[in-house]
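Okay, so subunit A shows up in both of these, paired with subunit B first and subunit C after.
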Partner chain A sequence: MAPAKPEFQWTRRHLLGLEELSKDEIVHILDLAQGFKQISTRSIKKAPALRGKVVVLLFFEPSTRTSMSFSLAAQRLSADVLEFHSESSSIRKGETLVDTARNIEAMGVDIFILRHPATGAPQLLSRSVNASVVNAGDGEHEHPTQGLLDLYTMREAKGRIEGLKVAIVGDIAHSRVARSNLWALTKLGAEVTFVGPPTQLPAGLAECGAKLAWDLDAVLPEMDVVNLLRIQAERQGKNSFPTIREYSRLFGMNAERLARCKKDVLVMHPGPINRGVEITSEVADGPNSAILQQVANGVAIRMAVMYLVAGARGK
Partner chain B sequence: MPEILSAKEISAAIDRMADQLAAGCPAGQPVAIVGIRTRGVALAERLKTRLEKRLGREIPLGWLDITLYRDDLHELSASPVVRQTKLDFDPTDLCIILVDDVLFTGRTVRAALNALYDYGRPKAVRLAVLIDRGHRELPIAADVAGLRVETARNQIVDVLLAETDHEDRVVLRD
Partner chain C sequence: MIEILIKGGRVIDPANGLDGVADVLLTNGRIAAVKPKLEPPAGAEVIDATGLIVSPGLIDMHVHLREPGSELEETIASGSRAAVAGGFTTVCAMPNTDPCTDNEGAVEFVVSRARAADLANVLPIGAITVGRKGEQMAELGQMVRAGAVAFSDDGDSVRNSGLLRQCLTYGKMFGKPFISHAEDKDLSGSGVMHAGPLSARLGLSGIPAAAEEIIVARDIMLARMTGAKLHIAHLSTAGSCDLVRRAKAAGLSVSAEVTPHHLALTEESVAGFDPNFKMSPPLRTAADVAALKAGLKDGTIDCLASDHAPHEQEEKDLEFAFAPFGVIGLESSLGILIRELIDSKILSWPELLAKLTANPARVLGLDRGTLSVGVPADLTLINPTLEWTIDARRFESKSRNCPFHGQKVRGKAVVTIVGGKVKYRAS
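Then we have the complex of A and B:
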């Protein structure tokens, strides 16, 4: 059964970020995830594609949803999963990370899923081990699987990415989610507007292809998608705006603002949500919210990503 | 390139397959057809139309992508594309007619059986193929075949179907 046309060949052993991916590679992952999504809906939610492979979650930052999502995705593909969680801030030196990983790798590991507070940690790790490395969030740099699941959710709801107007709202300066979204969305032809307080909107981002806006209400009516970033309460005191209340008044999504949006606007949030801060309960639980679809789609995206990197013998 | 089936012969072969499948289906036994992607799906659609006429009832149709169940995934140089499976019904307690274009080593059918069982436990599974070309590597046999043909192991059987290839034709090439 020879295929009619040559099929796209995925060659990357690692997924470190979306900035380095081509449009074709991103579309390939999104298309593939469709096939994986339906595994989660059937009676036996498991396929044997990664049977006998070992996936290690290396988490140097707290995470519930992302680590559970990766863990479930790996198990749905029949891989064995080990988890290493270190909330310790003393493990920040590259040597320690590499040593930790090499020791674990010696037990026979195929894929590392790495979350780390330092930008570039996944790149460092990918040069130091033979296993594949998937970035699950590095510092303020990238969170590629979050970007991919956001695009997948948008494409599923809107039928396309090209031409969509997407507002990303919040602390843009410190957000890896914003960056991964930007790279992928602009490659696929969407128009990205970053919205936030001036102190959180680095001007340099305009050079990366995004529009910048300080006034959410001015841009809302034309948006197809509004992606709200989480206000990082753990940064309290380090935040560059006066109070949470003021942030909420200027940039929070509520019923009144939703009424000024397009009727079918898609409201997204990478979670966990701070109810009443970035978004009111009414909107978060309302018909325009895609928050739970994002979570469900995340598992399919991570299955697709692990399947691809595990199979690649390329670079 | 010797043609082993023309468009007309393909149509006649599918008619015969439908006859045999209809004869093998006891009255009242719920039946469903499941095609193996890609060309098994087009064949399954054609069989469904004919079988519905013969049995006088509607027969559900689904299709399987078996990529994740292949036994050679770890040996390939890149992960092959995974496409969607569509099974809108629970196969448990149904007689499933599994359809593919060519039966060769039997490995695809093994993968399809494993995939099918992750959706439920059928009452029975029957295998219908357009071409049985021999060279089995597993203990698997077709219940119904449009044509059984002797081939050399290194030859290639190309099943071309209008739905995917703009024409109906089966050729054997070296």
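Then we have the complex of A and C:
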């Protein structure tokens, strides 16, 4: 069905992050997603791969795009889908994560999709349940399926990952998207530059293989891809930057900046976008923008990931 | 008359510069004689200590016994059992209980519960400020009268330098040390591990070394200004160690302690997100560990203390960021210290034992930690070659949050004697 290399044996029961994946594993997911993407273009958008399997979405943070994407991906593979949404992850207000998951698992669950505000929560869950665990974003740590769909979108547009120059702009310190992108991109031979105010750019990330820059205009002309991160208004109180207006002037993508980029630069954003803050409407809706392709590709990536972890006989 | 004769052990009494095979006679709860050869008096119990080290009873000047308030984690009785099982005859109980040990009655409560447990000496540390809130000086004098041996807002620094100055100045009347938990909480913020490349990689908020060093520096300056006795708890960074070294060179009355976990572990342990490696101050880098060991060797760091901090399993079985800070240590401490300091040839046995006996006794002004004739008969008999596996499930402590669970170590307390009575004997 999917054009996966027959000799490749996928062994991971969980997808917790991209840091621990090999280059071959990442490429395998991307290749498999390519096959799954075709399903989304058929009139009958359904494959039987996960028929009889139960996928549970455990979401402890508000999310529309990611939860719908996982839900749709699971349904396209014919799985049964349960959704649990809670804004509260505090144990003081009720059950612990482990208890919640074990209770749901007792009903018969094959895959947990976990979105959680605490770094490392998927690791905790994977130690505590027998089902597979897919990380849908943990704290400021990783968001592996977002990283994968970003790579997929870049590869689709550029035909390659190796040698690409990718700028990731924004609050790097608090971004799980930035970290997952970094691991996957560097493994596949791209060059990653993190751009943002020094308060949001931990020096330690230079040791992880990223270049760090404060001057967006200086790095833009050589970039093949510019990935803009959402600015969280609630971070303002932490004195990371003085005002949204100043942030937007220093780090926002607009037509003037776009004109100084390579003609075929790919502009990306994991969403939801703050129009006029990190990106202006004319750029977001313009010909260089890949924002909606990212969303479309997310479904295929998540189908591939769930297909793989459900069939794994390894760790 | 109750008499015990301990025969044929290697007697190490750092306070008296003694290290050699000798016999020790205990009479009516006090040290009666230490001589190369003693005959057992009629009716005396004889303990054959051949092959064992006979040390003054070990002192752990930094433990959390959780009573009152969190008796499911630990009680004064269970903490006392853990203490003697780990070879400790004296422990100092930090005041961050609920309610807080910040008044005479609360100090008396600790003293009376310890007396009822009748195992280790449990010496209360009183809070510096009411409720450890850093707003108003606690009744330091009343607490000393009830038995407090030191003052600390452990868990917090007194944030207001002006108030701390007043407390240090006032407290000089009582001759007790002020123990500083050095942490600038505005700087440590929501941090849960050491700030550095690893925290950046993992996406966990970091606690910079400077959060500790700023307060160490401030408290040393205030000690110089006021002439108070200052003791810095759980040093964790190379920079803190250097600050203490310079304060000592300047002749200030400053002492310091380090925990076994800050000597045996680095921040790398956090990478698995296991909350049993989450403590305050956090595990630091290999360079910090090396600096702390050098500080022990050159005498900058006087004492070894566990910062025994019990937490229930369900509290620790959480997301790393949500789990509480702290690990237990009373029953793993000695084995880990032998591995990290004796086996790696950083300290000799007399040097190690000084930091567990004579030095904390000196810092706290206790008539203990030696084998001088006439002092209370607190002794720890250590089998230095006994190999065993640290098994938190078998601890006397009510809690299991031990970062060393499953590790093999060599050397263990086999007999613990408090006030001339055997309170623990390894089975």
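As a convention for this text, the second predicted complex is superposed on the first by the 299 of 315 C-alpha atoms of A that agree within 3 Å, B and C clash if a C-alpha of one lies under 4 Å from a C-alpha of the other, contacts with A are read in each partner's own complex, and residues count from 1 in each chain.
We take it that a contact is a pair of C-beta atoms (placed from the backbone, for glycine too) under 8 Å apart; a residue touches a chain by one contact, two chains touch by 3 or more.
The structure displayed is predicted, hence computed values, not measured ones.
Within the superposed three-chain model, A:Gln9 lies in touch with subunit B and out of touch with subunit C [touch as defined at top]. After overlaying the two complexes on the shared chain, residue contacts for A:Pro287 are found with neither subunit B nor subunit C. Shared-chain residue A:Gly159: touches no atom of subunit B or subunit C. In the superposition on chain A, A:Phe36 contacts subunit B only, with no contact to subunit C.
In the superposition on chain A, no contact is made by A:Pro242 with either subunit B or subunit C. Of the two partner chains, subunit B is the only one touched by A:Lys46; subunit C is not.
Taken together, the subunit A residues at the contact with subunit C in this complex read 19, 89-91, 96-98, 116, 118-121, 123-124, 138-142, 173-174, 176, 179, 202-205, 207-208. On the side of subunit B, the complex with subunit A involves touching residues 38-39, 65, 67-69, 73-74, 76-85, 87, 90, 101-102, 114-115, 117-120, 156, 158-159, 164-165. Put simply, subunit A touches subunit B in their complex at residues 1-2, 4, 7-11, 31-32, 34-36, 38-39, 42-44, 46-49, 52, 77, 304, 307-308, 310-314. On the subunit C side of its complex with subunit A, the touching residues are 196-206, 272-273, 314, 317-322.
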